[in-house]
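Quick heads-up: structures coming right below.
Below, chain A partners chain B and then partners chain C, in two separate complexes.
What follows is the complex of A and B.
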């Protein structure tokens, strides 16, 4: 799938959507929300589609899809471009706020080795809390201004926290709370919903077309797609967070991105992380 | 009713696909009405959390043409923006159920 031809077809796609609507199948009767079954089917789909890719390699995004790229990636890991951000994150993490407290005071286990548990569902608040959100809340609770969600400091902090959790299997829980199930289901809906003038869903690119090229890039599979966050990207000439990646993916299809950490993005991260349970944290990542 | 809505939405989608016919010479009033309608539709798309960047760009183009006094062009752009916004509303509405077609099961 080439983006350029996709753009030419963009408007036609909408017209087509309108045409096919009349032929939309009736909803299946079993509309029960079943995350366990979802995750099983999701993982099986990718294992079957890419039988040669080792399970734990799915977290390497585009690199898992192409042997030449994979070799490039191994070379890159010798002098990883995220190193600078990682160092900065480490320093920031231990430096006390003006009130003398540190990030460690806001997190379980002092914030070390816990990336795999984010996002989690907060039963008091009734909402999904991502790592980025938790970091800014920590700052605000300690009288510090929040950081931009998309890069720089936020990327550095999440890079460090991911690094201390490398290799740990993603371990997202869905508590027995109807609101948690609803958040999960809304995230799933967001993932599969077509949007933007190009009429693409996240799944159009990351489920139907992983391994294919779009402009100069190779599409990452949706399985384990958030495990490597945050990432260094040459095209950004720098680091980007999960928020940055989600908003960029929306702009690409001519959809106006939502605000970083709006409910939809928090929920879709919850969904994607849950169905990637068991896959190792590999962040921070480097991308072409 | 539902069927009717689908049919009119299809027409709108085709409009958005660039089938908007050339319009008769526009006045400033005509532009203002067209622009207001486009903005209203785009606002509704916003409530559905589904605005398109192209709608915003086309609204900007409409405004620019109006500022330059070219109300023909401004009105045409505003109408195109409205069609785009309506297509995005249609998309958001139909996806409320259609998203399930893509789901891995």
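What follows is the complex of A and C.
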């Protein structure tokens, strides 16, 4: 009971902080928005809540919350269900477009080992650029039609790019640009705002209730949740990207999902990735 | 005095009438409890089982407290109705959806769920 009230108090503090900040979004941003302090408090919250979980294990979602599940997962990793998608992504990545160029030409370091730097804030455009968005822009710049953001080819490509980055610590930067801070703050606000007929925020499940079960399913901690993307979900019988996770979460709480890669989703991913800085990339992942 | 004690022949029809009046009521109460149980287990309706342990439900969730001894914990029916309507009024940080306020369940459905809860 004491632990539970402590959790509620901590979430109250977070929610209150979000409320206070969102109450005055136009006030001098750099006075109030403090991503460094946010990330520190966010990570401490999860470490304190789960003192037995090794820090780098938070990227394994529900498997980090339960010993039996963890063992099952390790067995499963012998023949991971995302392997087919990963192979497909590797093949797609090296196959040239009709104009002879490849994905490697669009990315730093030929696109290898760079997953931990996405999303980033583009100061020219004034917006957050996710890996999925950058991939479709690369295609379009080379005369190819864009892929669906939620699964199949997009999941395969991001699976391969995550795989080449496994173990690298998430390394999201917030440049000294008020628009970057505003994007971060907007993502944070979205994350803690209740919505939908069921009246849930992202935080209701993934900050207040990680490790708890909803029916047979164990809720994943928000810390490190993006590090495992994309994921193979048994529930989907297939792969899904971060976009798929955001849109289906919103449908499940009976809210109207935004379009994949809408500004707000990009901002949420920016916030969530930033507060997971330092945790290793583990994608592609497998989830029940 | 004797007219206060009806004869046996007069008593029987009276009893029969009482039974006839009482049993549809009991049957109705039972069907409301059954309906409430159905709503509580239905994923698209109350879906209480997703977060609460409930006797008779498989694979319950763990977010909320076990739903047991409800009558002793909440002797007043209106307290249960209020919790189902909008628990955020009592606890702003609750995970529990506001079933009444957000029209997830109708008033009648909430009544049926409360009938069921009171049997736990």
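A few comments on the model shown:
The definition used in the following text is that the second predicted complex is superposed on the first by the 257 of 288 C-alpha atoms of A that agree within 3 Å, B and C clash if a C-alpha of one lies under 4 Å from a C-alpha of the other, contacts with A are read in each partner's own complex, and residues count from 1 in each chain.
We adopt the following convention: a contact is a pair of C-beta atoms (placed from the backbone, for glycine too) under 8 Å apart; a residue touches a chain by one contact, two chains touch by 3 or more.
As the structure is a computational prediction, the values presented were derived from the model and not from experiment.
Touch criterion met: A:200 reaches chain C, while chain B stays clear of it. Of the two partner chains placed around the shared chain by superposition, neither chain B nor chain C is touched by A:139. In the overlay built on the shared chain, the residue A:42 is in contact with chain B alone; chain C does not reach it. Judged by the touch definition given at the top, the superposed model places A:244 against neither chain B nor chain C.
In the superposition on chain A, contact is made by A:209 with chain C only, not with chain B. Once chain A of one complex is fitted onto chain A of the other, the partner contacts of A:233 are absent, as it touches neither chain B nor chain C.
Counting the residues of chain A that each partner touches, chain B and chain C differ, and the larger count belongs to B.
Counting contacts as defined above, chain A residues 11-12, 15, 197, 199, 204, 208 meet chain B in one complex and chain C in the other.
Chain B meets chain A in the complex at residues 3, 6, 9-10, 13-14, 16-18, 49-54, 56, 84, 87-88, 90-92, 94-95, 97-105.
Chain A contributes residues 8, 11-12, 15, 197-200, 204-205, 208-209, 212-216 to its touches with chain C in the complex. Residue ranges of chain A in contact with chain B, taken from their complex: 11-12, 14-15, 17-19, 21-22, 24-25, 27-28, 38, 41-42, 45, 188-189, 192-197, 199, 201, 203-204, 207-208, 251, 254-256, 258, 264. Per the touch definition, chain C reaches chain A in the complex via residues 49-51, 59-63, 88, 93, 95, 97-98, 102-104.
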